[in-house]
Each structure stands twice: as C-alpha cells, then as structure tokens.
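To keep things simple, chains are lettered A, B and C as they appear, and every chain counts its residues starting from 1.
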Amino acid sequence: MSQVFNRRKIKFNQKNKQQQDDKLNSNPLYPNLDQNLEVLHSLYKDCSDVVFRSFVIADQTKAQLIYIKGMSNIEEVDSNVLTPLMQKADQNSINPKVLIEQRLSVAEVTRIESFDACIDQLSIGNPILLLEGDQQGFALGLSKWEKRAVEEPTGELVVRGPREGFIESAEVNTSLLRRKIKSPQLKMKTLKVGRYTQTTIMITYIEDLSDETLIEEISQRIKRIDIDGILESGYIEELIQDNSYSPFPQVLVTERPDTAVSNLLEGRVVIIVDGTPFVLVAPTTFYSLFQSGEDYYHHFMIATATRWLRFLFLFISLLLPSLYIAIITYHQEMVPTTLLLTMADSREAVPFPALVEALIMEITFEGLREAGLRLPKQVGAAVSIVGALVIGQAAVDAGLVSDHMVMVVALTGIASFTIPRYNIAIPFRMLRFPIMLLAGTFGLVGIMMGLLAILTHMSTLRSFGVPYLSPMAPMKGRDMKDTLMRAPLWKLNTRPHLTGEYNKYRQDSDQKPSPDKGSEGE
Amino acid sequence: MIEKGKISALQMGIMMYHAIIATGILFIPSTVYEAAKQDIWISPIWACPLGLLSVYIAYKLHKLYPNHTIIQYSEHILGTFLGKVLGLVLLLLLYTSVSVMIWQYGEFVVSEFLPHTPKFVIIGMMVLLCAFAVHGGLEVIGRLAEMVVPVFFLLFLIIIILLLPDIEIKRMLPVMENGMMPSVKGSVALYTWFAQFGIIYFFLPFLTNREKGMKSGMFSVLVVTLTLMFTNIIVILVFGSVTENFNAPLMSATRYISIAEFLSHLEALVMAIWLAGTFIKICVFYYAVVLGTAQWLNLSNYRSLVLPVGFLIGVFAMQAFLNSAEAAEHFRLVSQGLMDTLVYGTMIPMFLFFVAYIRKLRIFKQRGERER
Amino acid sequence: MRCMKVIGLIGIILFLLTGCWDRKETNDLWIVTGVGLDQPKDGEVEVTVEIPSPSGNEGGGTGGEGNQAGGNETILQTGKGVSIPKAIEDLETKLPREILWSHTEAIVINKELAETGIREELDFFIRHPEPRLRSYVFISEGSAKEIMALLPPMERSSSEVLIELAKSEVLMKVTLFDLLEMLKGESGASILPMIDKLPPEEGKQPLETIAYINRSAILKQGRMIGTINDRLTRGVLWFRNEIKESTVTVKPEEADGLISMNLMKGRTNLIPKIDGNQLKMTVKVETVDDVIQNKTKWDLKKMKKHKMLEKELAQKIEMRLTDTLEMVQKEMEVDILDFAEEFRRKHPDKWKGIKADWKEIFPTVKVIFDIEASVLRTGQGNVP
C-alpha cells in the first residue's frame, strides 16, 4: 500500500496539479467492507492506538467504526453513534444510509470516498464509519483530544489589551480569529505540509483587503515545501522567507489574536500552523516589528513616546558597548575631563583592553540570559544571584572589569528587553558583537561603517515583495503615520500600502471626536 | 534593460543631494573663503544656475532617448565609433572622479580620526561597503539615501542649534565688502560640486515617474544651495576670519561646541553625517561607473563588474596623489575652473544635446524637402 | 550570491589583517590638563605639562574615590627644546605613557616668551588635531612652570583653578579661538589675562596657593608690550561689549557715604563715523544696575535721588572708560578696543584708504561717550 503515500513524493506544483488530483481519486474505497478493512488493517499495522470496532446496524448491515484512541470523544461515540445505530430497526428492510441520516445525532458528518480521505480524517481524530456494500464512508466530527486552555500569552504581555492567546490547536486559533472578525470575508485556506506529520496550515486573510497575488504567492511558497515534518511555524518561516541569509525576521510572529487581527485588517496574511501557538504574519516590514498591539490601546501620545523609547533603546542595545569602546580607546576628547579622569582611574587596574573587557562582559551576560531562560524555575533564583555576582561588584573588585563597563553591560541588557518582539531583538543582540569589533579597530568610523553595512543589508531585503524598510525607504508619506509615531486613530484613515492593488480607506475620514458633532439633533 | 530596479524621482533627488552635499558641507566653506571672504554664503546662489543647467540638459537628452543612458545615446547621436570614444572619455573622467572622491575620504579619515591606520584598509572598507550596496542595485542605493536623509537633517539641525550660542552677527559684516566679485569668484570653486548634478543622466531612465525627473532634480539643486548657504552662514558666524585656518570648518566648529561641559566635542555628529553622505556619494558614482562600463561593453548584466571596478577605483584612489601638496595643487587647479566634473557633468551632455538638436533639425529639413 | 560571498570574504580578511593602530587605552595615557610654556633662555622653549595622577589609592581597582580624596595629586613634567614639538619630544622621553592633549584646557605662557612673540608657538596648538579651541590662554608674570606646580587647596590642580577663574568672567577670558581671531583681526592687537601667584597664607607651604588673574597683558602683532590693571581691564571689557561682572561704587558729592551697585546688564555699541579726515567713534553704553549697598542716608526710593544716582553711575562709568582710553589709545597706541573692525564693517570703502595708516590714525580717533545708566532695584530696604 505504499502507493498511498507515494503521492507525497510528487512535487506540488502547478504542472502536476492535475496529476495529483487523479492520484487522489485513484484510491477509492471498495464496495466490499472486508476488502476495505484489509487495506486499512495493513495500513495501520502495528498501530495499537487504532481501534477497529465492528457492529451491525439495526441487525442488518455490517458496519465498522474506526478511531484512534485518545483523539475521539468515546462517550459521544457510544451515546450518539453506537446506541442509536444498534437499535433494532422498526421496519424490516431499511436502507442503512437513511438510518444514519435519521438516527445519527452527530453534527458534523462528512462523506469520504477514498482511503486518503479516510486516513486524513482518522489522523485528526474523527471516527470513521464504514458500511458493508457502500463505497462511501462517513467521517464523524467527534474528535476530542487534550489541549491547553486559552491563556494569556507569556511571550507578549500587555498591560492593557485582551488576555487571550493562541494555543496549539489550529481549530481553536481560527475560532479566536473568527470571534473577532465576524464578516464572512475572513477566508481560510487549508493546506497540509509534511510527509509524515501532515500538518494543517491555514492561510487566513480578508477578502478584498489582501492582494490576490500576495495570497497566491504565499500559498505557492507553502505548497513548494517538501519536508518530512513541520513541528512549529519556524519551519514554515524559514522555508518561505525571501532572503535566507539574513538575521532579520522577514515574517512577524505573534501569539496574540488581536495582533493577528489588526494585521489582517491591514491586508496582511496570517498563517496558522497546527501545533503551535505562534502564527506568522506576512508580509512584514522592519517598523511593524516594533509595534506592539498595546500601542493602539493607549493614548496616541503615550504610544508615540513609547515607540521612540523603543527605538532609542534599540540603538542602545546595538551600539552602547561599541560606543563605549570607541570613545574610551579612540575618542577620549569627547569625554568631559572630570569623567575621563574617573574612567581612567577605574580602568587603571584592569589588565585587558577595553574591547576584550567588553567582549567578556557581553558574552557573560548573554550566557546568563540564556541560562536563565532554559533553567527550571526552581534553579532560576540561583542563577540570578550568581549572575549578579558575576557582572556585579565582585567582578569589579576582582579587577577584571571597570565600574563603567558594568553599567554599560547592564544598560545594554535592559535595552534589549524593551523591544516588544523577541525575534527582532535577537539580530540586534547578535550584531552587537561585530560592531564591537569594528569599534575596537576603527573607533567611531568603524561603528558608522557597521551601521551602514546593516542599513545596506536591510535595504536589500524584501518580505513578499514589500521592501523591508518601507514606508521609510521607499518613502510613502501616508504610511508614515504609523511607523515612528502612532497617529491618533481618527487620523489613520488609510491602510498601509503593501503590494499591488489595495483597499485604501479603512474608515470614514472625519472621525475626530468633538463636542459639536453630537449636537445635530438639538 | 540592464537595471531592473526602479527608483522614484524623489529618491533620485535625495541621492543627488547626498552626492553633492556630503563633501560639500565639509570642504566648501574653506575652499570658497579664499576668494569670497565673509561673503561665502552668497556664492552658492551664483553657482546654483549651473546645477539647474546640468539637470535641464540631462533631462532634455533623456526626453530624446527615454530608455537610454548617456553611454547608449551618445552612440545614437554621434555614430557607433565616435559615440564609443566619447563614452570612453566620459567613463575615464568618471573613474578618476570617483577615485579622487575615495582618496579624499581616506585622507580625511586618516588625518582627522585614525592617523596611524593604513590607508588601504580604510579605503578598502569603504569600497567593499559600496560594492555591497552597488551590487544590490539602484533600488538599494535609492533606499539607503532615503534612510539617511532624515538622520542627516536631524543631525545638521542639532549642530546648528548647538552652535547658536557661539555665533556673532558681526563676523558676517560687511556684506559684499568688495562688491559682488569676490562671491562670484568664490562660486567658481562651487561649480565642481554643482556640475556633478549632470550625472543624473545615468538614473533618469530608471525612474518610476519620469515626468517628475526634472522637477525633483531641480528641487535637489535648490535644497543643496540652501544647505550650503546655511552651512556657510553658520561657519562664518562662528569662525569669521579664522575660517580659512581650518581644513574642514564645520568639523572644527562642532569641535568647538561646548554647552554645559558635557555637550562638547561633538565632531562625531559631523563625522556620522559626513561618512553616511560620503558613502552614498561614492555609491552613486560607483554605480554610475559600473553601469556605464557595462553598457559601454554591451554586457547584459552589470553585477559581475562590481568587484573588478571596485578594485580598480580602490587602487586608483590609493595612487591618486603622492602627497598632500600635490593634492592641494590639484584642488587649487580645480577650484580655478579646470574641473573634470564640469566636463562630464555639463559640457559633454551639452555637446551631445546640440549635436542631437542639429541632427534633428536636419532630419526635419530632409523630411520637409522630401515631402515637397 | 557569489559576488556577495567574495565581498564578505575580502571583508573578513581585511578585518583579520587589521591590528588596532590607533587604539589608545586609558591606562596608557597621560591626560594633560594644563600646559605651561617658558623661555629659560633665548631660542629655547620649556614645556611643562600638568597631569592629574591616575588612581590615587594604590592597587585599588575600585576607582572613583581615589582622585577626589587627595585633592591635589598632579604630576609635573618638563621638556626643553628649540621649538614646542622638540620640547614635547624631549618630554615624551621622560614620560612612560602617551600624552593626550585633548583635555588641555589651560595654556599658560610665560611673560618673557610672550614678549618675543606667541604667534609661532600657537601654531602648534592649532595644527595639532587634539587640543581644544576652547582652551584658555593666560600669560604669567613669573615662570609658567611655577604656576603649574602650585598645589591649590580647594581645586584638584592649578590649571583647574585658572579655568574656573577664566570662566567666572570677572576679568578677561580668552580662549585659543578668541586669541586666533584677535591675531587675525584688522588691528593686530590682542589682550590676554595675566596671572600671578597669590602669596600663600601664613603657615602654609610656599606652593599651597593659587594663581589668580589680576591684570591683562596687551600684545601687538603677537608680541607682548605691556599690561593694564584690573580697573582698566574692565574698561576694555566695556569697550569690547564683554562686560559680565562689575561692581561700581559711587560717592555722591552731596551724600556722606558710598553706594555700591552691581551690574545686571551691560551693553556697548560702537558707532564709527568718518567726517572727512576725522574719525569719530561714538561709544554707546546701556547699563542696568542694582544697588547692593547703601552707606549714605539717601532714600533711594525717592525719584530725585534715584535720578541722581543714575547720573552718578553714568559718570563713574564714563570716567573709567576715559581712563582706559587714555591708557590704551594715547599711551600704548594699541587698538584692543576693536575700533578697526568697526570701521571696516561700517565703512568698508573708506577703510581701504585708512587701513595702511591705522597705526598713526588710531590715536587720533575722537571718542564720544553716550552712557545711559539706570538703576533697576534699590534693594529690599534700608538700614534705619
């Protein structure tokens, strides 16, 4: 029966699409129940979790119920499927199909015609009902497995905003989206990727808001994936992004339904991957990675100030150690005399050059952070104590580092936590080191060179056809309202332009509240 | 077409702005001061028309041959052989010009910041960085220019604000002490910069909104003029007659800033905007050279030329001048009117334009005769 | 992509080949805060540098406290040579670390050296990229080395005292840039603060004192030709519109005591005028003062007395200005009052004719005073 799986080996592309459809239909169920069972038994050989239960419908028709243990709701199967069907028939000869329609109190019943569909349904937990003499089976929507409750996402905490987050189940995730967007224009396309895992991937978008070609491009890229398994959305991200040799994330990752919805409303596409709470949003730009959902829930002035703070701290997290190195070893004239004297004093006993000192401390800090992430919670406290000692006064007293360096490292560490998304903070943490080396060799000139190199690289990036640095470069004046600042909601009349044609206006233009407006009736 | 990317007219304008102003704000004040004294801020006004003329001619030529750069239409206008010869002359001028720019950059970094670092490393770094950007294509350079421009203006504004406590209006007076002539003479040195606007003939065919090409080019010229005026005014107000003692007066001026003890020695700000601007300037010219060479050789792709050309201009830049005296002699000659930029930026396009115009007239005439 | 890889490779190679050519660790630097220039004998320059000693407490890496505790821990070192660079070369052989010039904020030039000319010596400080244009320049009565060697009781070093004194702007404050501008100016005259050692208090070590600014040195074409005292210096400051601090004490004739006033605002406008061959300069002074002490029985709240007081004040200022003028214009014949610049600015055409003979013409310039003094506040109340 290996031919059932052979179809996976065929590349999904436009040319083979017809062929693929043929193949799907070429494994139809047999009219004979025993024959069907034989095939299924051989497929699920040595699968002790698959249960085959044969029974007789109304004393007449032989039937077989197949399900996977732990994935289906057994009580419901008992009470709503087996009990009514096994009752004696009122009439003598009755069509089992009619009987099923009359008696089966299950909401979701799908007809299946092939073994492939059979396997698909089984693996998502739906019990299968096969009848003697029928070439069609029934998939009963009674899947039920253990899943986490909808909780507050731990990676993206907000002070104000909904406290729900995506979970591992794609179904629940889509329902979370649907609960927020009631319009039927919210569309979801389902794809299956992974030779063995057969992971469900849903491309969700809002019709008329998203560019058709963009959706087509995204589905093409996902369909092109031929891999044995998809365990997390990271797999998809890495396999569909435009430039693989870039440390910068070209897809936004979020755990929050409200973030996903706001992106959908901007015409972006959300990719939900079954088995992970992290959904992907594409296309994305550099600036949107610095937006947090909360920006839109707070007053716009506060949100704008917060954004500036984030950008400031982004630069601090990227540049502070390098600036320190450059200034202390190349541009001493920039430090006020008194400060320079104290700095020189505290460095007097340090045996390393400033660059080495900074590297030691930064690497130590990164190590501590990583350790803090991975360690079990009980040990975490110990790490922070040790960490405080390592990069604290003890290190200074030991003459390994200077006072100022400790401050620099601590501030850099804090700064890298202010960035709302983990995946954009990482490249900057990483790029800090080459820039430190540049600063140690060329001083400020080196830092500037490093920054220009990063900027050049970012200019070459595109995320699904959208320039990474837009709307700053290429400049789109209208879209600037929501990048460096967050304009008041009544000003955000237009959607950001991504690619191609787009639905430009998101709201009526005259929304600024004012006391005169309500008085029309008076 | 050889370049697939497109830039907007605005991006082109910004690119040209950086290409002119990057070195301009540093070196123009002291260069012009020699002739114009305290009237250096008037000189940009006299030089501005040359920039406008360069843009105008480049745009007119572009109108005649909308999809071609100068290397291509010179063949159309002058015939294959003469066109190639003219193209070669143009390219050679551009090669030397970009080499001199890189030399200037290297010299400045070495003399101001890193006196002991070997020059080849500093030049090599810059050429590599530019190669990286040029390899990305015109789009990338355009975007880079756009990203840098707000930073540029912000830092420029900060510098001016911080210098305000040190200015003294007295130093600018008397305006036009010796009539108009000194400032006009000073503006001759500025032609070197303004003539470079002609280089837009390499970018006009790749605009998304071509009809705006001239407008944004002209606008760029005007903004350059204004920026130079502002720079010169602030320099003269801060330094007065001492201006000529400094190699790069704006740099020295920011070095002179001292507010509340802590805000002092801010030359890093100038260094940052100058370095970013120079980077874009070199990218623009480097790209023009690479594209021109590829078109001259009828290649289908210019990207393979990026590294060889980079190597070439890097080596040229290393060998440009033997010592600073020779360089000073060169720049003195240039500032007196013997300038290469004027040739490739204004004269060659003007020549081509006239030839094309005359030929067109003749074609019309012939056609008219035939019709008769 | 291949191209990118090559670019990356070359970049890495370039990077790995590099050392750190210009790296200067702070532990390898002597931070110079003050420089003294002396002339031990003709044709020789002695450079004295003052360096705050790093890390006062031995061996401690804790930093921070070390330098503040001691108060006056500085190292002095001198070098000699025919020129400043030569002297510095000599100096460097005696110092185990590299010298960092960028924090040199006080430059003290010895009187003898100033008398032979400072233009050439200053050239070094301008050409060198490190020293600040904002460094303060002083001329010392005695040897500059001695000034640098002082151990001031309250500040960290002698140069810091000088810097603070200059900043207070009681008398002349001249930075390297100001000096440069003066040397370049039309008149060719410059004025510099003159410092001297304050006699130490009794019972203290001879070095435990500070230097203070008490006079001003007048330079002509970069050569020192004389000095003026503090009172005349303030007069010069009035002329140059640089007056910031001044206390005027008047003794009205009808009154029986002194009234002291403190300057709040002082503004001077020089208005040049050319009448045929006669050059005229109107000195327009506007000043606002506050009364700080009233030893008379005058009730200053009365309008009449107030007016009288203002008149007294104007007279007093005019007297000071006339005295200054007498000294500077008639006796020394140096145009440190910037008259030349003013004439050039207002009458550029006529100036061309005057310029060559300015030296002869300057003493003949007629100066007219127009002083507008007002007393703003008369204090909270009077002592009954």
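The working rule: contacts are C-beta pairs under 8 Å (C-beta built on N, C-alpha and C of every residue); 3 or more make two chains touch, one makes a residue touch a chain.
No experiment lies behind these values; they were computed from the predicted model shown.
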Central chain (by mean CA position): B
Chain pair with the higher count of C-beta pairs in contact (B-C, A-C): A-C
Cα-centroid distance, subunit B relative to subunit C, in whole angstrom: 42
CA centroid of subunit A to CA centroid of subunit C, Å: 66
Set of subunit B residues in contact with two or more other chains: 113-114, 117, 125, 132, 264-265
For subunit A, residues contacting two or more additional chains: 330, 333, 443
Subunit C: positions in contact with at least two other chains: 4, 18, 22, 102, 132
Residues on subunit B engaged by subunit A in the complex (per definition of touch): 7-8, 10-11, 109, 113-114, 117, 122, 125-126, 129, 132-133, 136, 139-140, 142-148, 150, 261-262, 264-266, 268, 271-272, 275-276, 279
Residue numbers on subunit B that touch subunit C, as the complex places them: 111-118, 121, 124-125, 128, 131-132, 135, 170, 173-174, 177-178, 239-242, 245, 252, 255-256, 258, 264-265, 303-304, 306-307
Footprint of subunit A on subunit C - complex, ascending: 4, 15, 18-20, 22-27, 29, 31, 33, 52, 54-56, 59-64, 66-67, 100, 102-103, 105, 130, 132
List of subunit C residues in touch with subunit B within their complex: 3-4, 6-7, 10-11, 14, 17-18, 21-22, 102, 126, 129, 132-134, 177, 180-181, 184-185, 341, 344-346, 348
Subunit B partner contacts - residues on subunit A that touch it in the complex: 330-331, 333-334, 336, 442-445, 448-449, 452-453, 455-457, 459-460, 467, 469, 472-475
